[in-house]
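Dropping the structures in below, format is structure tokens.
Note that chain A is present in both complexes that follow, paired respectively with chain B and with chain C.
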Partner chain A sequence: MIPLVSLVDAVLHFLDPAVLARVLFDGLAKASIYVMIAAGLTLIFGLMGVLNFAHGSLTAIGAYLGGLVMVTFAASASGNVGRIALFFVAIVVVFALLTAFGGAMEVSLIRPLYDRPPLYQILLTFGITLVLEELLRMVLLFYDIQPSTDWLEAQGTRPEIISKTHDVFGLGVEGLEVFQILLGVAITAGVWIFLTRTRYGLYIRAGSEDGEMAQALGVNVHQAFTVVFGVGVGITGVAGALLMWDSAWAASIDLGAEVLLPAFVVVIVGGLGTFRGTVVAGVLVGFVDAFTTELFTSNIVGFSALPELFIFLILVGTLVLRPQGLFGVEEVGGH
Partner chain B sequence: MAISEPTDAPDDGATDDVATDGGTATADSADVASETTTDEHYLVEYLREHVAHAFVVAFFGLYPFAHTFLTGSLVGAEMAMFLPRVQTMITVFYFGLFAMSFDFISGYTGYLSFGHSAFYGLGAYFVILVANGKVPLLGSGTPFMMLLLIAGILAVVMALVMGSVAFRLTGVYFAMITLGFAQILYVFFSNWDYLGSNPRDGIAVLGRQDGFSIGVPYVDSLNMSIGQLQGDTFTWGMDFAAITGIDALSPISHTIALGPGEVSYYMVGLVVLVCYFMLQRIIHSPFGRAMIAIRENEERARAVGYDTFRLKMGAFAISGFFGAVAGGLFTGYRTSVAPENSFYFLTAGDALLASIIGGFGTIAGPLFGRLFHEGLHEFLTKEGGGLLPYLRSHLGEGTLNTVILDGFTVSEAIEVFLNGRAGLYIGLLFVLFVLYVPNGLLGTLRGYLGGTVAGQVAAAVKRRVRGWKL
Partner chain C sequence: MNHLLELDDVHTYYGESHILEGASLHVDPGETVALVGRNGVGKTTTLRTALQLTPPRSGTVTYDGEDVSGRQTHEVAQAGMGWIPEDRRMFSQLTVEENIQVAVKDAERVDTHLDRAFEAFPDLREFRNRKAGNLSGGQQQMVAIARGLVGENDLLLVDEPSEGLAPQIVEDVANALRAVATDASLLLVEQNFPLAMDLADRFYLMDHGEVVHSDTTEGVSADDEEIRRYLT
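Right after this comes the complex of A and B.
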């Protein structure tokens, strides 16, 4: 579609070091976000094969809970250090609350469905997302917060160091993006340690490989399911709290739908039951997003929805060429 | 009326459809149908099998009259609160057809088509784009019935393309790849400038003066326009007293006047009824039985010699066809469409809700599921005489201003907990259905009767009424 001349122009545009550095940096920040929003989903999907449709609304709830902590105590924590410390407190609170909530959800609602066809779990979590979204909307309306627009009060609690653009070697670097990359790396490392260094991580890896065998060898799979579902939901909530500060996502009811589909794409592209695959897919999607965004913003392509379109093209392309996902194991792939 | 002429639904002017179809793999339904004695004419048997359908058709056919009568009666306020308006019922029809087409592939073969909104959106956009003269080779005056047919054929082509890729996958992955296709179309149609000046907000019919009409194409007198504004009106019978000016003739003067809403109701309902019978016929054919075999055990179906890939492709194509027809009816009536209410994946989610509540793996169930959804939705919104205006006018100022807790009054509580909160209650109900009533309304009824509803009604009629001869 693009004539050859402008194609050459486009290549030259990306060869400019400043542009290249910016695209790579944006890509890294976006990749962190995609990995974070998919991390909770992939834990649950990997072990239990449950594609959690309530993932998006749980992210939104995490964003609002995190925002609640920030807004409530923002006055008593000023300055860069104070605000960032408060943010970590908020993360811990969100993680604790949502882990408990996720565990309760697994025990009461999802457990009765394990002996049904796997599609019923999609149906159930789809129903849960409708209920959670409406409940959240009700609570927000009760406290006079506009549910469909971004919650600016929570965004306003960003410390100065994060909101401003820093000048590094002549390049403008947004503090928020640095923060996102650091947190993305930290959360990825945290989940990695959870998977490889803890008992439940071992159970998850064993269960993803061969659930029945793990059970036969004495793993209490029921308990593992509850813990993993809880932890997965907890991580999802933390991802929501991180998005609260980012004006491109921000806390709103719509955050649920905005997050849900990219998270699905990352998990499916990565492959069932591999956290490594999820990280690689997240990085891939992040860089493609940054690259296509640059194509539009520099007027090379006049189609504003290019990033969105490409995310789903990646999904379809992967499923056509490698249905089990980039790092998935073939036998586990089909349900 | 219903029993004597059950298959004459279109002539009844009735609408809609439904009742049940068969689809369970239980042997009973087949047995019931084949319980024939040789001394009966096959037509008798055929008519009897459709007694249940006739009742449902009669119900929907009489609904607008019943609605007018009941809302005008002594308990009119209460009736207006509970009964959906006629225009809401039109929504139930076309969206019910979409939910049926969704259930046709998802409920019968077990492949959850989460991107089914692609077909609905295709039909919806196609009708408007042709009417705006944006589709090459088709003039803006092309008859609506032709548009529905062409939209359906395009959907068949699209289904074959999508299916050739998607049916290499199963389970969650199938759901995800269809979702991916639908979202690509959604993004595309939200941003393509060719469609209209602001594609994100959707497009509307611009030039076309006459409404879209349903009937026999190219025969003017056999067509009726649908639409909220452009719909035809219809008067049947003669008012002798008014014509002749003789009051004494008033006892034999009867007219039935239908407004645009009622005409649209019957015409849309008629198309949905025809589509329902086609889907029902397919499900009861050997092809339909093979679809159920795929749901129950695909490997075994393949082992006994069915080419399951081609069967699935066929089922997907049929399902896509009716999905696009439903989309065409939607814009034919509404004359505008937005990406959010057509291509967006939550449109398929609504079809899923309707299917689960009405009965997953039944053809008529999704329509009842949608009726339930729309009914509850209207009950809990301000428009159309739902619960809120009723409470407001009946509770009185004192009650409404009573403080429950901390300055929170009853009227505020109504506003927060009831107004527009249908989504919450539908969601709760959906979760309860998935957990405790996985077969939905119709499926449970079928289990209770021990076979398909139509089959069981036919058997009951046969036991009671003997000796029909033709």
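Right after this comes the complex of A and C.
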């Protein structure tokens, strides 16, 4: 009875405190990543009803820009504190540049298409993706950075405290995961406060539900669209900079495609356009990913492709049982 | 005399269908003016045209002495024109308080205006943290009027405020509108003819996208031969 033995083995395996701690930290770290890569997508869709297919390549650009700052200044910022401080400089730079880029993209390219059917925006943003990817490839080849493989030099700028596994009460905790969790929580909280505690956030929530009514109350909805598109793209870039340090993702041209699918899964499972739903779905997908990774890639059962399959099973299950997503309201995002 | 709002020979289209065919009307400071007529004659479109939600293809909309035709809706709203629309258009996912906050134009004085709204509509205070989508129709209408009140508007465009409400609630809504009318001019679209005549100082009768008759409301009844022809 091999399956039964495997099952018992699996249960025993997960009762080990070291394994439990690993799954917990893996889950939280992956949840942070999933929430971050989906946050920009959900903000933009929630207010504007635009599905931004350029999301993935903007993440990749964020990863390379962040890497560029790190690699350029790494020599003058040594030690744990120096490198982490430099990383924060990098994400501020990435956020500023990509927010400006996103704002310009909205005004010049997306705005003329609001009155058209959604297919136009999908085709446009998909086209933008192709252009951005090829531009990125040209730049990388020019500077002799291999575009198709991970940018290891950027990963090498990680400080020691983040690269190693720390011993906490006899349990192994990876520094990178702790860093990802802290940054994920901080950025989620930042977006949450922006949306619920600021006047601009109020305009955005009102405008996403009924743009015409918001305008008639004096809200400049066009400007709110530009800001949200910019901030959404900026957060997407910051997520890319975070992935640049993670060897499971890393800066590469393919990062765009790697990010786009799970980001869409998280956004759809959470409910299109609800930030709360995206956070909950990100945590759900993160923990399922961590759990199935432990289950199928540890020594119990060797099936390295299964964790990814499970993520898509969540998507399929959601679409069948609750098509509007966990927190979705039917018809949110329509104009 | 300077009119607060003036529509002059306005033609408005939805796509290719011609809705307003040369409508002209005006509202003076302090007045309450009713806009009556059958369904589909262009009353709602007249309000939407004033706000530039559906801008006129020809003709002019003048507000407070300025030609606002073709301006952005939020600019017209900022200039002091408020909208209390048909079906109330609540932000259903926002709380009552947030719905009212959106309408406050002076960001420095949000709390002052909120207090003012709750003084005018004490019943709303206890629902302030409830999602607007969960309120009854009458309560939502009060929130919609409160939004018009806190916007410091000189003119409120009110569309079918009594629609779908129980008779005793209609009386509350009418009182709320009377209270609001002490601070602002009202352009009121209302199917309930006696109510419209009761609230308004003057009225315009619309048919086929045009104003066909205009008079003061004194002594007017729906039995009037001229009026009945356009209402039934």
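Observations, loosely collected:
As a working rule, the second predicted complex is superposed on the first by the 323 of 335 C-alpha atoms of A that agree within 3 Å, B and C clash if a C-alpha of one lies under 4 Å from a C-alpha of the other, contacts with A are read in each partner's own complex, and residues count from 1 in each chain.
Basically, a contact is a pair of C-beta atoms (placed from the backbone, for glycine too) under 8 Å apart; a residue touches a chain by one contact, two chains touch by 3 or more.
In this text the structure is predicted, and so the values were computed from the model without any measurement.
Annotation for the three-chain superposition on chain A: chain B and chain C fit side by side. In the superposed model, A:221 makes contact with chain C only, not with chain B. When both complexes are overlaid on chain A, the residue A:130 reaches chain B alone and has no touch with chain C.
By the touch criterion defined above, A:17 lies against neither chain B nor chain C after alignment on the C-alpha atoms of chain A.
When chain B and chain C are set side by side, the one touching more residues of chain A is B. Contacts of A:141 after superposition: chain B is touched, whereas chain C is not reached. In the superposed three-chain arrangement, the CA centre of chain A forms the vertex of an angle with the CA centres of chain B and chain C, and that angle is 90 degrees when rounded to a multiple of 10.
For the pair chain B and chain C, the least inter-chain C-alpha distance in the overlaid model is 16 Å. Every residue of chain A that touches chain B in the complex is listed here, in rising order: 49, 51, 109, 112-113, 116-120, 122-124, 126-131, 133-135, 138, 141-142, 257, 261, 264-265, 268, 303-305, 308-309, 312-313, 315-316, 319-320, 323, 333-335. Here chain A touches chain C in the complex through residues 199, 202-203, 205-206, 209-210, 212-222, 329, going by the rule given at the top. Note for the complex: chain B touches chain A at residues 110, 112, 165, 168-173, 175-177, 179-181, 183-184, 187-188, 190-191, 345-346, 349, 352, 356, 416-417, 421, 423-424, 426-428, 430-431, 434-435, 438.
Contacts from chain C toward chain A in the complex involve residues 51, 53, 72-74, 77-78, 82-83, 85, 89, 91-94, 98-99, 101-103, 105, 107, 110, 147, 151.
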